[in-house]
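Both of the next two complexes hold chain A, though its partner changes from chain B to chain C.
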Partner chain A sequence: MKPLSSITADMADDVLFEFLHMEIVAHVYKEHATREDIDKERVTCVSTLELMGFRVGQGLIERFTKDCPTFKDDLDVMKFLCKDFWSTIFRKQIDNLRTNHQGTYVLQDNKFALLTQLSSGKQYLEEAPKYLAFSCGLIRGALSNLGLESVVTAEVSLMPSCKFQVVIQKL
Partner chain B sequence: MKPLSSITADMADDVLFEFLHMEIVAHVYKEHATREDIDKERVTCVSTLELMGFRVGQGLIERFTKDCPTFKDDLDVMKFLCKDFWSTIFRKQIDNLRTNHQGTYVLQDNKFALLTQLSSGKQYLEEAPKYLAFSCGLIRGALSNLGLESVVTAEVSLMPSCKFQVVIQKL
Partner chain C sequence: MIERMTVHNLYIFDRNGSCLHYSEWNRKKQAGISKEEEFKLMYGMLFSIRSFISKMSPLDMKDGFLAFQTSRYKLHYYETPTGIKLVLNTDLGVPNCRDTLQQIYSTLYVEYIVRNPLCVLGESLQSDLFSSKLDSFIRALPFFSVRAA
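Presenting the complex of A and B:
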């Protein structure tokens, strides 16, 4: 029998989440593949994945911030998200956070975990958005539970780097 | 800003996987909820989840056993599954492994991670199978990649304890 140390916990959790995420994306797209209006279905798939991410993000942030002090402002929340939240889920922090100080934030991840399994060739660029929808939802769900409603979008220009744009909705 | 230690990696990964799993189950059942033949659809949902688990199990075992020696027999494989594989995914080992030495194995987990979120009341007993299908697939996928074809079923008699029965298919 092999020693327990042959599987490290980190390695296992990384791939478990990544594999499960790939399965979800494949499943959601497959179930819509046979339907007629392809463009409309593409929107539905993105929404489905985004909503799943939203609920998971809400659940996670609820657990993570149970015993935490309140945040002093929106920027403070965003920093928490880029550092603690991100590194817990994706094993690294966001590489760059920019803001216009008017409610728009751009989070750049130079090596986004959920894109690293895809080839970096140009032909995969158009495939990339479907692997980002869940994570947009994660961010939106986390922010929502911290009292900030937002619109979150993502773009990839050079794999596996990507940018998430968060626009806080003022009430 | 809160210290990074406020979120422990273990805690995060546990819930990330559990939340994602709950989302998948809910999604697969919801998409079939509106269809007509309920019994038939229930079978389809279980198969869908089982197949997702199968592929994830295949992928995981491929990573985990990359640098590992071969196993000396089927029992050796099952022990690896109960100990290393299980504790990496579910944070605890299988509590009890029994076999008839003719290819049938019963794996008992007295506190199965994916059932602990459900209430332990009797009314949830009939809900339980849908939270076990993915894990049956995980086991079958892992075994398949180790060269053993099997049929895996699960039963719950007292939540959150459950038994997985593995019957190895002799070629």
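Presenting the complex of A and C:
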């Protein structure tokens, strides 16, 4: 049985961000709730959250890679994202990375940290995208500061597993 | 006669008296009133008993109300510092359940309800994940065994 002090030291980090993230999402949706158009409201909320994640992702990646050598190629960058970046933020790595070798990558997380407490199946599925927007921004921000412009979307069909799709924009 | 132990049902109330959750596993007799009335009755009883023992206790209070028993069942009670009240009805063979109830609170309620952004505090609990985890937890208890019909 771990002594209480070490349990709280392990737990405190994760839970602080989780609760803050929950509140951010709730706050953004409440702020925009006055509009009548539900779809437009959702788009605005999702992009607000994504932009927040973008700025955070940019900052985080600077911090994480300050002692790393430069990356060989895009695939190397994506692997770094899936392993080091993801495990520092979400305490686990991406479970599956697929690519068509033409700039499109799919990152699959079978137990995404921000979804595990919601449900283990189909319940709350329509609400899940709200809790993925910030993380999409995280990925896009991280890539942007490494020199890669991208479009990041997320899809979820069975919680807590979800997929992030990254399409690198070639100039 | 084989001694079998079992869990009958579980109630969870919040600090305002709303019943957040109710599950039953082995209840042979219903109360004969609507569920809403039953929850109010249960909460009213808990409220009265707690106030009674704090007044009438001949010694200083330590943990407060723990349990009561009849000749057929035992009612176990646990209240958290945040005012969440858990009530578990089991049969007489079950010893003190305080740790079990405390575990239900910390590993199930806090994990799957408090950390779920879509569960509004104060409303009845809708999360399927919570219900299924609670069900597995109760069924895995050493003193749970489904009586033969």
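Note that in this section the second predicted complex is superposed on the first by the 161 of 171 C-alpha atoms of A that agree within 3 Å, B and C clash if a C-alpha of one lies under 4 Å from a C-alpha of the other, contacts with A are read in each partner's own complex, and residues count from 1 in each chain.
Quick note on the criterion: a contact is a pair of C-beta atoms (placed from the backbone, for glycine too) under 8 Å apart; a residue touches a chain by one contact, two chains touch by 3 or more.
In this text, all values refer to a predicted model and were calculated from it rather than measured experimentally.
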Touched partner set for A:Y131, first chain B, second chain C, both or neither: second
Which superposed partner A:L20 touches (first chain B, second chain C, both, neither): first
Partner chain in contact with A:E31 - chain B first, chain C second, else both or neither: first
Which of chain B and chain C A:F80 touches, first, second, both or neither: first
Touching both chain B and chain C, residues of chain A: 15, 19
Footprint of chain A on chain B - complex, ascending: 1-2, 4, 6-7, 9-13, 15-17, 19-21, 23-24, 27-28, 31, 48, 52, 55-56, 59-60, 63-64, 67-69, 76, 79-80, 83-85, 87-89
For the chain C and chain A complex, residues of the former touching the latter: 111-112, 115-118, 126-129, 132
Residue numbers on chain A that touch chain C, as the complex places them: 15, 18-19, 22, 25-26, 117-121, 123-124, 127, 131
